[in-house]
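Next come two complexes, and both contain subunit A; in the first it sits with subunit B, in the second with subunit C.
Up next is the complex of A and B:
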């Protein structure tokens, strides 16, 4: 265990090592693309350079994690606990995967504007701040740094009306939501006189919740609910996921969601542990609505991309049930499920980008019929993704759901797990037809996507993700330990100031 | 408790402005007007922060500086996106944006 003194510049720089490395690297990449931005080769160079940046930042993160860095005294602005490290790791994996998927995609779709990769890095830096925020202001700034970058990425294919429209919708709804979040912060600040999460928790402990703080909590939940796309704040998600370039969709569905969930867990568990009776019914309502609406709406989608968008709303519902638990085990389950979900979702959107050529929005079941014959490995990988999203035993997704259910059962809560299982059964109604189409239906006559190939980098990333999903599906032990420990220390940092 | 001036009226005004912003976003259909309503929401919150800073010290005033910076960054990106839409559609009316149907 290393104690970092956050009162000194050196201590702060060490505590922010992953964020600083990533931001510095992003500026470096910006400088490089200022000179090298004309050809496809330059775009590849920027891509690999950015991937190296993510790796460097991950190394900084690993150094903090391995040394078990904790703050000497109170964490002022940014948390130093394994929960932050775990959430940061998911965000970095999402960023690395997105970069690898983009390498071939941008070239094929002739989207060679040079800002793409620096934007990915900078919004990832925002995610790291958001996931580690110990102060509501850092939370707001992290959220905005992340979002502003992703607004641009969503509209990256700006000559494509669908992409531009997606960017506008995402921007308007995102800015609207951050207005609510900010008002929530103002009210919590007014009620407690501080924006530090632990101190807010200490102020609110042991007395009835002031009306102002309760209103603030509600507005914070609305703001974060928009970001994680929970029903009823989800209406933007299918449109935006649908219109954005596919690797960016993967980034939004994984990194953005992971960071927002980490922030949600931290706000609820550190600042409002004394108000569980107020937020648990709200979170339960959001979770049930997301699971039911997400899964039912996914059933009727024709386009695979929209189907995956609705499926990601359903998964936000599963994650919210783990948030509901409000315990260490629940927080661990959130991290564990986020990793399982992010790997699979990135791989699934990666497969979808195989079909690119601007027509990926229209990829339907008919287009992938008989894929097992012409491209057996793509079909196999995509099937693994579908089974893992479904939560089929033997995949990572199953372990994630099992962990969530056991966290809920420990709280003697049985209604949410039952709904989770039932809606998962419903989800078989749209995941399994994908597998059946690939393996059991004859290939269509038109070879619409015959010549389309994935770039080697993307192929490697997807293959790795699929392998990890299968590996941890049968051997989750070590990862469960890590997730369990992460959650433990989250609550420990919160506890000294929380009430009895 | 330190002396405060106009705390209640300021918070009330801020709530009214915020509600006006929300109503504008929900009712209007022009992207520029929507964006202005969102700015109104952010600045209403700024007023709250300033008013509350009387009770809790200068922290609230510093937050306002951050919020204004963020609002400026959002304006830059948002107006660029609206411009891109206008080039494609010759309109910024959200009713015309129906490519993606929810």
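Up next is the complex of A and C:
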């Protein structure tokens, strides 16, 4: 246990080690690409440099985590607890995976401007701030840093009108959501006189919730609801996911979602533990709507990318049910499920980017018919992804769902789990056809998949993700303990501090 | 024999070996030559059979309770362990599985001619999952195996099935998954309720069985979830509609495993989990009446629909619905005879229906049709085949001296006191079965031999005889001398009856259950 005094410059620098390393490294990469930004080789260089940056930041994170860094006294501005470390780890995994997937993809699509990678790094830095924010202002800054990077990334395929449309849509809706969030912050500040989450929690404890704080909470939920793409704030997601370059879609569906969920959990559990009776019904409503709408809409999609977009809305719904629990187990389940979901989703989008094969067009079921005959391993990996998203035993996704159901059952909540499993059955209606197309339909011609090539980096990332999904599907014990421990401090903070 | 088994510490490793061996077999199957995959699979499944036979002696017959229990911590923070063990009921189910598996492999010898490696790898995975279902004593583990049986069967139907295979595969998968996911929720809820009452978070079967009373007012809901999962698997009318599709489209080996083993997971689930956990609900008059009514409807309905099937495979599929209705009646009959009878029907249905599907597969390989009208008069051409088909059909009908009779007789005898009217109606199963099967036999092997195709119908080869004869031996053995099997199942059955007997005469009435549910809902 190392205590860091967040009041001193040295302490706050140490507390922000992963963020600072990542930001500094991003600037460094920017500097390098200022000279080298012409050839495919330059793009590769920037990519690998950025990947190294993620690794360095992860090392910084590990240093904090292993030493069990905790704040001396009140955590100001930034949290120092295992929940932040866990959420940061998911965000860094998402970033690393996205970079590895992008290496081959950008070359194939001739998107050779290497500023792509610093943008990934910078928006990841935003995610780290967002996931670790102990103060509503830091939360907002982190959200904006993250979003601005992703807006640009969404429109990175300049020649593709769909990509430009995605960027514009994402930007407009994102700005709108930020407005809500900011207004919510202002109201909460007005009600409590502080923006520190723990202090807000202390202020609100033991008395009826002031109307202003309730309104602020509602607006915060709307703002974060947009970012996690929960129904009814999801309208942007399908178009944006569909139009963006595929690795960026993967990044949005995993990193952005993970960071936003971490912030949501922290806000609800630290600042509003006294208002559970207010936010639990709202969260439950959002969860049910997301599960139902996401799964039903995914059923009728023809393009696999859109299908995965709707499925990610459904998964946001599953995650919201875990948030609903509002307990240590619930928060642990959120982290655990986020990791399970992120690994699989990254791998799935990695596979999709391969099927796209140049000129980025819609990949439909017809485009993967009979894949298993000529590409058994690709088909196997993609099937594992589908079964994990479906939540089938033997995969990480099942353990995640089990954890969520367990957390809900412990709170004597039975309706949400039943809806969760029933909508999961619906999801079989769109995950299974993918498997069927690959295994049970004939390929149109034998040479069809000759061009399907996974770049070595992407292959490594996907293979690792699939292996981890299977490993944790069978043996989740250690990870489970980590997730459970991570959430422990979260539910303990909040109340012990007196108001200012 | 017992001494020999003890000298090699058989009981300590056998259950693990039965799980691991097929999985190890998957590796050479996948890496080897496609043509040798079937040989490897045959060797592995035969080895598994030989190993599993020792269980027959390793299980101490008179001893109640679960034996050979092994417990390995798996996910300690969730109270989940890898816990396996067997009693008389699991023993016969495991043996049924291991006996049928090499026969199914042998039956696929020529039938499966594309993507052999994948097929046999899935068959071996299936073997692990099926054995796992019957020996799992941790509810988490059971659920995992329960679901794992789906994937191999889904692919076996979907890839190597008939023309409508994709539809059948997804229907089978979604149906089963709907029930099982609700059961998943029920398992978690039950475990948390028990945890709240005892302070111990554990998915161990015995722990839950002892403390299932903690479910309290949630018991009807939990039972409903368990019952739905198993009812779909059995399948009980009206949840049976996936079955004819899956059976007809599946390749021979798939149909055999589906009918002979996978359907039994449902009845096994009722006997092992659903009823003993919630006897107060399951055996309350209202639920009993419902289940028995559905069982009898299944008996009659399955038989009537079987009567009019032009497709022999579909006919047998519907006859399964009919026979499994009888099993359900036996389970709810609640006497020693009826439950033992239900178990015997489970085994003998496994043997006879398995044999019927294998014979249908052989017919299909020769003529590429299963329509009854395409055949006729082949008794003159293929006497051996016709003889075996007749014997197997008689066993399915329930002719005294063959296995079908023993189980059916016991079920009807044991249930008559509890449900006289239902039992009398269910007795018609024998008449109906004689109707549809004898009629089918007549159309296939008698009648006029007017199709030249049928004159070229070749008789059974040595391989095919090797597939069928073991089953016929089992059919005759159980028919003439079922005592050894009954003796081994008796302690487990007695225990089941004792565990559920308390409430059998209890105060729970139909109205009481209903009132309870309403009150709960209002709260």
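In the analysis below, the second predicted complex is superposed on the first by the 483 of 500 C-alpha atoms of A that agree within 3 Å, B and C clash if a C-alpha of one lies under 4 Å from a C-alpha of the other, contacts with A are read in each partner's own complex, and residues count from 1 in each chain.
Just so it is clear, a residue touches a chain if its C-beta (ideal position, glycine included) is under 8 Å from a C-beta of that chain, and two chains touch if they have at least 3 such contacts.
These figures come from a predicted structure and were not determined experimentally.
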Inset, instruction - Classify the contacts of A:159 with the two partner chains as first (subunit B alone), second (subunit C alone), both, or neither. - result: first
Inset, instruction - Using the superposition on chain A described above, determine whether A:239 touches subunit B (first), subunit C (second), both, or neither. - result: first
Inset, instruction - Go through the superposed model and pick first if A:9 touches only subunit B, second if only subunit C, both, or neither. - result: neither
Inset, instruction - Applying the touch criterion given at the start, work out whether A:189 contacts subunit B, subunit C, both or neither, answering first, second, both or neither. - result: first
Inset, instruction - Using the superposition on chain A described above, determine whether A:394 touches subunit B (first), subunit C (second), both, or neither. - result: second
Inset, instruction - Tell me which partner A:442 touches in the superposition: subunit B (first), subunit C (second), both or neither. - result: neither
Inset, instruction - Kindly classify A:481 by the partners it touches after superposition: subunit B alone (first), subunit C alone (second), both, or neither? - result: second
Legend entry - subunit C-contacting residues of subunit A that also contact subunit B: none
Legend entry - Contacting residues of subunit B [partner subunit A, same complex]: 11, 18, 21-22, 25, 31, 34-35, 38, 41-42, 44-45, 48-49, 52, 55-57, 59-60, 63, 66-67, 70, 73-74, 77-78, 80-82, 84-85, 88-89, 97, 99-102
Legend entry - Footprint of subunit B on subunit A - complex, ascending: 137, 140-141, 144, 148, 151-152, 155, 158-159, 161-162, 164-169, 171-172, 175-176, 179, 182-183, 185-187, 189-190, 193-195, 235, 238-240, 242-243
Legend entry - List of subunit A residues in touch with subunit C within their complex: 373, 387, 392-394, 402, 405-406, 409-410, 412, 414, 417-418, 421-422, 424-425, 428-429, 432-433, 436, 439-441, 475-477, 480-481, 484
Legend entry - Residue ranges of subunit C touching subunit A (in the complex, touch as defined): 74-78, 115, 140, 143-144, 147-148, 151, 154-155, 158-159, 165-166, 169-170, 173-174, 177-178, 181-182, 184-185, 188-189, 191-192, 218, 221
